[in-house]
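After this come two complexes, each holding chain A, first together with chain B and then together with chain C.
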Partner chain A sequence: MMSVITIQVGQCGNQIGGQLFQTLIDDVNIKQSQTLVSPFKNEEYKEEVLNRFFTYDTTSSELPKARAVMVDMEPKVIAQTCANAQKSGKWLYPEKQQFCQQKGSGNNWAHGYCVHGPVAQENVMELVQREAEKCDNVSGFLSLLSLAGGTGSGVGAFISKCVRDEFPHAFILNQVVWPYHTGEVIVQNYNAVLTLSHLYRTADALVVMENDSLHKICSQLMNIKKISFKDINKVICHQLASFLQPAPLEKFPDFTIQNTLGEIMDHMVSHPDYKLLTVKNIPHMSEKSIEFSTFQWHGLLKHLRQMLIAGASMEEGIDWQIQVGTETPRGSTSHYRSLANLLILRGKEVNTADTSAFTDPNIYTPWMPTGGTLLQGRQPRSFYQYEKSAVLLSNSRSTIGPLNTMIGKAWNMFSSRAYVHQYTKHGLAEEDFVDSFVTLEQVISNYSKL
Partner chain B sequence: MAQVKETIELLTKVLNRNGTSKIKAEIFRLAKFNDEDATESFWKLLFELLYFCKYGVIDEVTIKAYSELSREELAVYVKREMQALGFTSYAFSSLPNDMSQGSRELLLAFAWLLCKGSLIDKFMDKCASPVEEDLSVYQLNNLDDSNFNNHLTANKPLNPAQKVQHLQYLNGKLRSSLRRLYALQQQKNKLQHKILKLLEKDNDRLQCMLTWKKQEDVFWKWMMTFYNIPPDSIRLMNSARKQLEEAIMKYESVIVQLEEIWESQRDGISTQELDYLLASINMEISLQQANLALDDTETMLNHRDPHLSYIKANKQGKKLTNLTEPSRYSFESKEQNDYGVDVRTEISQLEIQLQRLENELFKKQSNYKTELDNMASNIPDVICIQPMSC
Partner chain C sequence: MTQSVVVQVGQCGNQIGCRFWDLALREHATVNKSGIYDEPLSSFFRNVDSRYDDPADIPVGSGKGKVRSLKARAVLVDMEEGVVSDIMKGPLKDVFDFRQLITDVSGSGNNWFVTAVYPSAEDDVITSPYNSVLAMRELTEKADCVLPIENQALVDIVNKIGQAVPSARTGKRVYSSVGGNVKAGSEITAGDGGLTKPSDEKPFDSMNNIVANLLLNMTSSARFEGSLNVDLNEITMNLVPFPKLHYLVSSQSPLYSLTDVNLPPRRLDQMFSDSFSKDHQLIKADPKHSLYLACALMVRGNVEISDIRRNIEKLKPNLKFIHWNQEGWKTGLCSVPPAHIHHYTDIDGMEVSNFTESLESLNSLIQEYSDLEKQMNNPPPAEPRLQVLS
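Moving on, here comes the complex of A and B:
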C-alpha cells in the first residue's frame, strides 16, 4: 500500500489540511446509492483511501487517524483543527504528532526560514520519521502551506528542504495558493518569491492555485454570498481530492495502475525544469444544485478542454475564441500549450466518454513524446455526490501569468530595497533575494518556450 | 520419570504456540489425580481444540465465544462435539455441566482427541502456509512491444534545442522511474522481512512439534499409568463385562423369538406387497385391453367384456382368485370411467363399430341368400322366395 504523509505548516496549511482529510472522509462516506458501484467495489475504494491517507486498524473500533504532521509557531490553529476533526466523529489526528511554539514569525519569511526552521528541525523531522514508520511504503509527502505568510512559508520551505534531505527518493508534492492580487500583507510578494523559489529547488511538483480564481468559483459557481476562508479551503481540497482519490490509470494499453503519488509525479513532472501544476475541475456547484443537474460527458469534456487551452480556471467565462493549431511562423501559439496532462473521469458511464480531444498533439509541446502527454484514468465510483465529474491536472503555461505579475511587483519593491533590512536582520542575504528572482525568471522563461 | 514433566511442558508449549490459551504442565498432573482445580482449564482446552478441528484456526472468535457462552453451553457443546468425533465414553458424557469436577475424564478425552484427531499433524499442516497461500504471480501480459518501444520516442524530427529538452525529459523520466523502483524495492524488503519473521515463528513451532514427536511415547506411557492408580478399576471392568454378558444372555431368548417370527412371516407375502402387485397387474391388463378394444371386432361380436380384471382376494384368503368375468358388456364399467374417456371419441368409435356390424350383416345376408339360392336350385320344382331384407 502506497501511503501519503501530509505535512501541514502554518495557519493556512493546517486549515487546508484539516479540510482535506474531512473532504476525503466525506467522499468515502457518501450514501451507497450515490457511489454508483457495488458495495464490494465501494469497500475496496474506501480501504484504499484509508490506507493512503490514514492509519487504521480494521480489527479495532478506533477511528482512522490522518497520516499527518502538524507544525505551527502558535498553538491556536492546531488545537482548533484537531478539535474540528474530533467533532466530525469520523477521523482524528494522531496524538503527539504536532509541533508548535508560542510565538509567530510576524509575516517575516526570513524569521521563519532562518530562525524558527532550524530550531524546529530536529523535533519536526522526528515526527515525520515516526509517521513514515507507520507506513508499509511511503509513496510521498504532500506539503501544505501558504505562499505569502510568514511562518507557513518560511518554516514550510525549510522543512520541505529537510524532508528532501532525509528522504531523497520520496516524492514531494507542494500545494501553494497565490495570494490575492490586492493582498492584505505588504511584503506578501517578497514572501511568495522566496517561498516559491526555495520550493522549486526541493519539491518535485507544486500545485498552484490562485485565491482570486478560487474566490470566483465560490461566488459564481457555488453561489456563496459571504465567502469565508473555509469556503475557499473547501474548494481547494475538493480540487486536491479529485485527483488524489483512488483511480486506475491507463498507463499502457490494457494495463492500468493505481494513481499513487509516485505515478502522478512520474507522469507530470519528469522534466526537472517544469514543476508547476494546475488543477481544473468540472463541474463545480453547490450541494443543492447537484441533485437537479445532469451532465453529458461530451459537454463536460468539451468545456474542460477549452479551459485547458484558454487557461481558464473555471467553466464560466471561458474564451471560446482561442483555438488549437494557429501557430505563428516563429512557433508561438495563442493557446496554452501543455507539457503533460492527467485526466481522471469519475462516475456514471465513464467508459463511454470520448477523451480523444485531449490526445491532440497540437495541445502539447513538440518535443514531448506521445507516451508522456496524456495519462487518463476512469473511476466508475462517483466522487462526492457528483454523478459525473472530471479533473484535469495540467503542467502547462497557464501558471506563468500570475507568477509574472507577482515577480514584477516584488522586483519593483526590491529595486528600491524596501523592507529588505527586515529580512537581512534574520540572516538572509540580498544575494538570496537575487538568486530567488533568477530561479523564478528561469521558470518563466522555460514555460514561455513551451 | 523426570522426563515426563519436560515432555508435558513441551506439549503445553506446542499447544500454546498453535493458539490455545496457556496451560501449565502442573494442570496435567492435577488432572491425573482428578483434582477439581484442573477441570476448568481442560474444558477450555478441549473447547479450543475442538474449534480448531472444526475451523482450522484458533482466533479472536474462539476467545470471544468462550467468554460469551455460559459454562453449561460450553460443556454441552464440548460433549456433543466429542461424541460426534466418536468419543463415546459414558463417564465423560455424564460429567457435571457446571465444570465442577471430572478433570481425569477430561484429560482422557484430551488424550483421545490428541491421538485420534491427529492434532499434531493438523497443527503441522497449518505451519508455513502463509508462504504457500497468496503466491499469485502478477504478470504483465498483452503489452504490445511496438507500442511499448515507441512510448517515449519523439513523434517528429526535432531541432537541437528540442532534442536537448527531450533528452532532459527522458533523463528525468529515468530518475523518477528509479525512485519508484527504489520505493518498491524497499516495500519488497519490508514485506520479505515480515515473511521471514513469520517463517521463523513457524519454524520454531515445527521444531517444537518435531521434538514432541520424538518424545511423545513418554507422554503416552505416563497416560497409561492411569490404569494402575485406581486399585478397583480392573475389578470394575470385570464386573462391567459380566454385566454386559448377562444382559446379552437375557436378551438372547428375545432375539431367538424375533428370529422365529421373522422366519414365519417371510412365508406369507405382506399385504402391502400384494396390493402393489395387484395394482400393477391390473394396470398392465387394462392398458393392453384399451389397445385391443379398437379393432378386436371378434371380441365385440362375442359380447365379451374386454375389461378383464383381477379382483383382490379377501384378506384372509390365501389364494388369489383368478379371472372374474362381469356378466354384461358395459361402457359404464367402473374402470372405463376411471380413465375419463372423451364422449366424442367414444361415439365415433361406436359408429365405426356400427358400420362394421352393418357390413358384417350385409355380407352374411348376401352369403346366406346365395346359399339359399344354391340350395333351391338343387331342389327341383321349387321356387325360392327370398325374405324381405330388413
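Moving on, here comes the complex of A and C:
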C-alpha cells in the first residue's frame, strides 16, 4: 500500500487540505448504484483510497484519520479546519499532528522562510516522521500552499527543503495556488518568485492552480453567483482528487500499475528542468446538473485535447482556431506542445473510449521518445457522481504565460526596490532576490523551447 | 491569534482607548454569548482570577474555560494623573489593572502601529501645530506604521450622520439619501450597548467612537475567523513600500445602516465606492485625485471574494496607482460582522445572514513625496528583464 502524506501550510494550504480529505471521503461514499462497478470492486477502491490518504483501523469503529501534518503561524484556521472535519462525522484529523504559533508571518516570505521556518523545523519534522511511521510504505508527500502569503509560501518552501533533506528518495509534489492577478496581497509577486524558485530546487513537481481560472470555472461552468473561497477550493480538490484517486495505468501494453505518486512523478517529470504541471478536468458541473447530464467520450476527449493544445483551463471559451501543423517562421508552433501527459478516464465505457488523439506525436516536443509522452489510465469505477469524467495532468508550455507575467510585475517592483526593506530586515539579501529571478528566467527559457 | 497590546497616551489617546475597549467588550459579548474565554478574546484581553492579590493569568487552554475577569491588554500613559484616574473611577475600572498605568514615559519600540489624531483648524490648543510637527518627526523615525486621523474629518462625519439619523428627541423621521430609514444606534458614532451609559457620554465621544470602530474593524480579522485573514503585521507589510512612507489614510463604510434588510448587491457596491469618497476619509484628503502607492480593503460580514473582485474591477479605472504597483490591492475577509449592526438583528425577527457589511479601505497616500507623484504621468522606462544563457 503506497501512502501519501499531506503537509498543509498556511491559511490557503490548510483550507484546501480540509476540503481535499472531504472530497476524497465524499467520493468513496457515493451510492453503490452510482459507482458503476460491482460492490466487490467498489470495496477494493474504497480500501485503496483509505490506505493511501488515511490511517484506518478496520477492526475498530474509529473514524479514518487523515495522513496529514498541519502547519500555520496563527491558530484560527487550523482550529476551524479540524472542527469542520469533526462536523462531517466521516473523518478526522489525527490529534497532535498540528504545529501552530501565535505570530503570523505578515505576508512576508522572508519572515516565513528565514525566521519561522528554522524555529518550526524540529517540531514539524517530528510530526512528519510520526506520520511516516504510521505508513507501511510512503509513496510521497503532497504539500499544499499558496504563493501569495507569508506562511504557506515562506514556511512552506522551508519545510519542503527539510522534507527533501530527510527523505531524499521520496517524491514531493507541491500544489501551489496562484493568486488573482488583480491582487490579494500587494507583495504577492515577490512571494511567488521567491517560493517558486526555491521549490523548483527541492520538489519533484509543482502543480499550479490559478485563482483566476478557478474563478471562471465557478462562474461560467458551475453558475455560482456569489463565489467564495470555499467554492474555489472545492474545484481545486476535485481536480487533485481526479488524478490522485486510484486508477490502473497502462505502463506497457497489457501491463498495468497503480497510479501511485511515484509512478505519476516518474512519468510527468522525466527531465529535471521541467517541473511545472497543470490539471485539466472535464466535465465541470454544478451539483444539481450532474444527474441530468450525459456525455459521450468522443465529445469529452475532443474538448480535452483542444484545451491542451490551445492552453485553455476549461471547456468553455476554447480557441478552436489553434491547430496542430501550423508553424511560425521561427519554427515554434502556435499550439502548446507538451513534454508529457497523464490521461485518466473514469466511469462508464472507459475501455472502449478512443484516446488516440492524445498519442499524436505533433502535440509533443520532438525530442521526447514516443514511449515517454502519454501515460493512460482507465478506471471503471466512477468519480464522485460523474457518469464519465476525464483528467489530464500536463507538463506543457502553457504554464509559462502566467509565470512570465508574474515575473515581469515582480521585476518591475524590484527595480524600484519597493518593499524590499521588509524582506531584508528578516535576513534576505538583495542578491537572493536576483538569484530567484535568474532561476525562474531559466525555467521560462527552457519551456519556451518546447 | 496574534495578541496585541494597546498603548494609550495622553488625554486624547486615553479617551479613544476607552471607547475602543468599551466597544470591543460589546462586540465580543455579542459574538460570544456563552461567556467562554476563547481565542478571539485572548487577542485583546487577559483572563484573570482576581481572588488573589497577585492574580495569575488563565490561558485559553482547551478553550472551554469560563471568563473570570477580563483585563485589557493595555498600557495607559499620561503625564498627569487626571485622565487616567477618571478612567479608574468610571465604568471601565475593572478592565484595567492598576499596574498597567504609567505616568512616566520610557521604553523601546517593538512593532509600533500608531493611531495619531491631528488637530483641526479651530483647535483650542495654541501650540498644537508645533506639537504635531515634533510628534511627526518621532513617528516618522520610530513607528512602523501611522494612521493619522484629523479631528476636522471626524467632525464632518459626525455632522453628516447627524443629518441622516433620526433624532430620538424630536421623533422626526429622516430619510437618508440612499433611500430608506436609518436604524437608530447603528451609526459608527454611537456607543450603544457598551458599558458607558448614554447619560455618561462626553462631548468627544461620537468622534472617538469613529476611531474606536476603525480600530475594531482593522483588528477584526485577527480576532475572528474568515476565509482570508489579515492582521496588523500584514497591513504594515503591504502598505509600507519604503521605511519612511508609513502614513496611511483610512476610511470606513457604511457610516450607519439602513432598516431595509434586503440589501441588493448594488448597496454593497455602493459601500465600496463610498469608502473611496472624500467624505468618508478620516483625514481631509481626496483619494480619487491622488496617487496610490498601495490600498487595502478589509471587509466584514456576509461578503465573498467575488464581491471584492467585482468591485476592484469597477474601482480600478478611476484610481491612479504608481507604475510599479498597478495591482496594488491587499484584501481581507472576516466572516463576523460588526457588533453595532449585529446587535439589532434580533429585533423584528431579522436573520443574521441578511445583514450587512462594513468595509474599510486604507490608502497609502503620500502627498509630500513629490518625486513619486511626479511619476504619475511620466513613469520611468521599465528596467529590462534578466537574460539567461540558452
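Just so it is clear, the second predicted complex is superposed on the first by the 447 of 450 C-alpha atoms of A that agree within 3 Å, B and C clash if a C-alpha of one lies under 4 Å from a C-alpha of the other, contacts with A are read in each partner's own complex, and residues count from 1 in each chain.
Following the convention adopted for this analysis, a contact is a pair of C-beta atoms (placed from the backbone, for glycine too) under 8 Å apart; a residue touches a chain by one contact, two chains touch by 3 or more.
All values reported here derive from a predicted model rather than from experimental measurement.
Placing chain B and chain C on a common chain A by superposition gives a fit, with no clash between them. In the superposition on chain A, no contact is made by A:57 with either chain B or chain C.
In the superposed model, A:107 lies in contact with chain C only, and not with chain B.
By the touch criterion defined above, A:215 lies against chain C but remains apart from chain B after alignment on the C-alpha atoms of chain A. Of the two partner chains, neither chain B nor chain C is touched by A:122. With both structures placed on the common chain, the touch criterion links A:431 to neither chain B nor chain C. Of the two partner chains placed around the shared chain by superposition, chain B is the only one that A:372 touches, whereas chain C remains out of contact. Residue by residue along chain A, chain B and chain C are tallied for touches, and C comes out ahead.
Using the contact criterion defined above for the overlaid structures, shared-chain residue A:441 touches chain C, although it does not reach chain B.
Figure legend note: chain B and chain C, brought together by superposition on chain A, show a least Cα distance of 10 Å. No residue of chain A contacts both chain B in one complex and chain C in the other. Across the complex, chain A is touched by residues 1-3, 39, 222, 225, 227-229, 231, 233-234, 236-243, 294, 296, 304-307, 309, 312-313, 316, 323-331, 333, 382-383, 385-388, 390 of chain C. Contacts from chain A toward chain B in the complex involve residues 2, 59, 136-139, 169-171, 204, 252-255, 262-263, 265-266, 269-273, 361, 365-372. Chain A meets chain C in the complex at residues 11, 15, 74-77, 79-80, 102-108, 150, 180-187, 215, 219, 225-230, 232, 407-409, 411-413, 415-419, 421-422, 434, 437-438, 441-442, 445, 449.
Chain B makes touch with chain A in their complex at residues 60, 140-144, 147-148, 150-156, 158, 162-163, 165-166, 168-169, 172-173, 175-177, 179-180, 182-184, 186-187, 190-191.
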